[in-house]
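Chains here go by letter, A, B and C, matching the order in which they are written, and residues are numbered from 1 within each.
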Amino acid sequence: MNLPWLESLPLLVDGLLITVQVAVLSSVVALALAAAAGLARTSRYAAIRGLAGTYVEIFRACSLLVLLFWVYFALPFLGIELSKVTAAVLAIGLNIGAYGAEIVRSSLKAIPEGQHEAGIALNLSPNERMLRIILPQAVARMLPPFGNLLIELLKSTSLVYFITLSDLTYEAMVIRNNYYTWTPHIFGSLLIIYFLLSSCIFITFRLLERKLTAWR
Amino acid sequence: MWKWDYVIELLPALLQAFGVTLGATLAGFALSIIIGLLFAVGARSPIVPVRLTVRAVVDFIRSTPLLVQLFFLYFSLPMLTPFAMSAFATGVIGLGLHYGTYMSEVFRSGIEAVPRGQWEAATALHLSKRKTWFSVILPQALPPVIPMMGNYLIVIFKETPTLSAITVVELLLTAKSEASITYRVFEPYSIVGLLFLITSLLFSLGIRYFEKRYFGGHIADGGGKR
Amino acid sequence: MIAEAENGLKPEREEAAEQTGLPNGYTHLVPIVRYRSIQKSFGELQVIKGIDLDIYPGEKIALIGPSGSGKTTLGRMLMTLEEPSSGTITIEDEPLWQMEKKGNLVRASEKHLHRMRSKVGMVFQHFNLFPHMTVLRNVTLAPRSVLRLAKEEAEERAVEMLRKVGLENKLHEYPAKLSGGQKQRVAIARALVMQPKVMVFDEVTSALDPELVGEVLNVIKDIAEDGNMAMLLITHEMEFAREVADRIVFGAEGRIVEQGTPVELFENPQSDRLKSFLQRFR
């Protein structure tokens, strides 16, 4: 079969690299925010809980694409100009981080009270209780939902197309302009590439889960 | 910085576009429920090829971006099939398909929560497949998952701006074209952002109230995207 | 509150002896634990309505009574899992939930609690083993991170304890692989390895299948026989209480109703409450 549009494959590879770059960077931001806000929501200080709760409520209620537009196009009017990648990473990270915070919070909450109490009875310090008893069990619980969340994150990176960051989706559109008749092929391939990327995340998390929950 | 007269000038167009956004949301939501039910029932089909195909399709749709699916539907389908659909119809179908896969998960959890004895009782009474689903299983499976469905209503609402990529003139695209006339993007994008924020916060307050009132629990707790 | 506390700090020895009417010649000793005028409420519900109780070094006390009588709360307070609403608890004459600061008694800091807790151990109804750690790690965790023992030494001690409870062949299993009785024996080893002076056993057989109760009670009997560790046994096992305890304390509705030697209490109960309670176990 002759597929002339494949001559543009290098473009697609460039796009793939951008997609992966944005996905990895915003995962780091999202995970950091999720951990910080999720832990903060279990804090004993009402102010810290409130702050984290506000963050979660607001950014879960935000439309990610509108947020991205606002960060990239509107913020410069306040004197804050961000590069495309920075704007994308910030918007996606803030949004996904809010969902992640809920995962962290509910996983911490799901650890039975008896585990805390056994830690106290053994005279472990609060930090040791968190680090050695609660977190290892909570992380095991977090893995499956976090795997799903990172797939959501990967999918949401396609929105950077709107701010003309040349990711996979953007490059596919460029290629389509040159090979108009191959449109179904190009988008079909694009879907398959995203599916494969999602599958990588899925498999990675399955393996991690198997490894970290051998005790179950 | 913030120009009120500009805001007032913008409002009529934005409010009209808000109507389009809500329309797409509700139509997409309704379609996602129908598709979700089909997927949920199909994924439990006793016919193995049907079951496997449905599961594979659900997996595939869930693992790929809505934006690309919209492009595929809008630009490729007319070339592959004799059908050409309006941008709005394509957008609604895209939302319905995409969130139908999430909805099927919601229904699955509801269906699995129906005790096995109910199936056995239906079998013992010689009820037909259809009768079993519609008279026994679904009436028990659906009410408990209403709050979760409500969460997806919010998710779909927040996702409608993506439809601007295939030229559905909803809120974001309207703001964009208004801004392209005046070169002032701060007000339109801020208004759109606030509209989305406030509407989804109100929605979710409503769901929480409903849930407390009728379920007294936290079924939709931690809901949202997944 | 403060006045009460000071009063509770150094009671006259005779007063203590009089109050408890101790058997077995414990009266010449100084109590290791003193509960004084303890009250505890959860919201509106008052579960402990004024309790005084002394525990002497090495003494085995069985706390019996109907559910909801506040027995478990009493044990949890000693383990610092529950704070009294009023009253004082002292361990070796030092207040547990308060500490002295510039001549005043103030609420205990985490540091103070940490120091006091080293004297107490606890075994829970639901074991509360750490599911993500092997049996050996469960038992070495505290020695290593609290006592700062070297790995080898901690393991040596842990294996010794696990041998005592008959589980030296399960060192590298995860708790999920163990039966309820085995889990509880690991939990006992885990608490014992810290060598507490007082150990709380909180209904340790209540969550077990009937056929697994015996193995756990036998382990506790062994420990009771060979140790000078004081034990507070919160239990519904009357036969076991009679066999192991030096003193039985019967509580109901947040108060101590009657106490004495097993023979006194079981053969010759005085109060109607205890009589009707014991009826149910005949």
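Quick note on the criterion: contacts are C-beta pairs under 8 Å (C-beta built on N, C-alpha and C of every residue); 3 or more make two chains touch, one makes a residue touch a chain.
All values derive from a computational prediction rather than experimental measurement.
Novice: Centre of all protein Cα atoms: which chain's centre is nearest to it?
Specialist: Answer by centroid distance: A.
Novice: Could you let me know which interface, A-C or A-B, is made of more C-beta pairs in contact?
Specialist: Of A-B and A-C, more C-beta pairs in contact link A-B.
Novice: Express in whole angstrom the distance between the two chain centres, defined as the mean CA positions of chain B and chain C.
Specialist: Chain centres of chain B and chain C, defined by C-alpha means, are spaced 56 Å apart.
Novice: Can you check how far apart chain A and chain B are, centre to centre, with Cα atoms defining each centre and the answer in Å?
Specialist: So the centre of chain A lies 21 Å away from the centre of chain B.
Novice: Just give me the whole-number Å value for how far the CA centre of chain A lies from that of chain C.
Specialist: Roughly 48 Å, centre to centre.
Novice: Within the complex, which stretch of chain A touches chain B?
Specialist: 57-58, 60-67, 69-70, 73-74, 77-78, 99, 102-103, 105-106, 145, 148-149, 151-152, 155-159, 161-162, 169, 172-173, 176, 181, 183-184, 187-188, 190-191, 194-195, 198-199, 202
Novice: Under the touch definition given earlier, write down the residues of chain A that touch chain C in their complex.
Specialist: On the chain A side, the touching residues are 112, 114-115, 117-118, 120-126, 128, 132-133, 136-137, 140, 214-216.
Novice: Which part of chain C faces chain A closely enough to touch in the complex?
Specialist: Result: residues 79-81, 110, 114, 117-118, 120-122, 124, 126, 128-133, 141-142, 145-146, 174-176, 187, 190-191, 194 of chain C touch chain A.
Novice: Within the complex, which stretch of chain B touches chain A?
Specialist: Chain B residues touching chain A: 1, 60, 62-69, 71-72, 75-76, 79-80, 154, 157-162, 164-165, 171-172, 176, 179, 184-186, 189-190, 192-193, 196-197, 200-201, 204, 221-222, 224-226.
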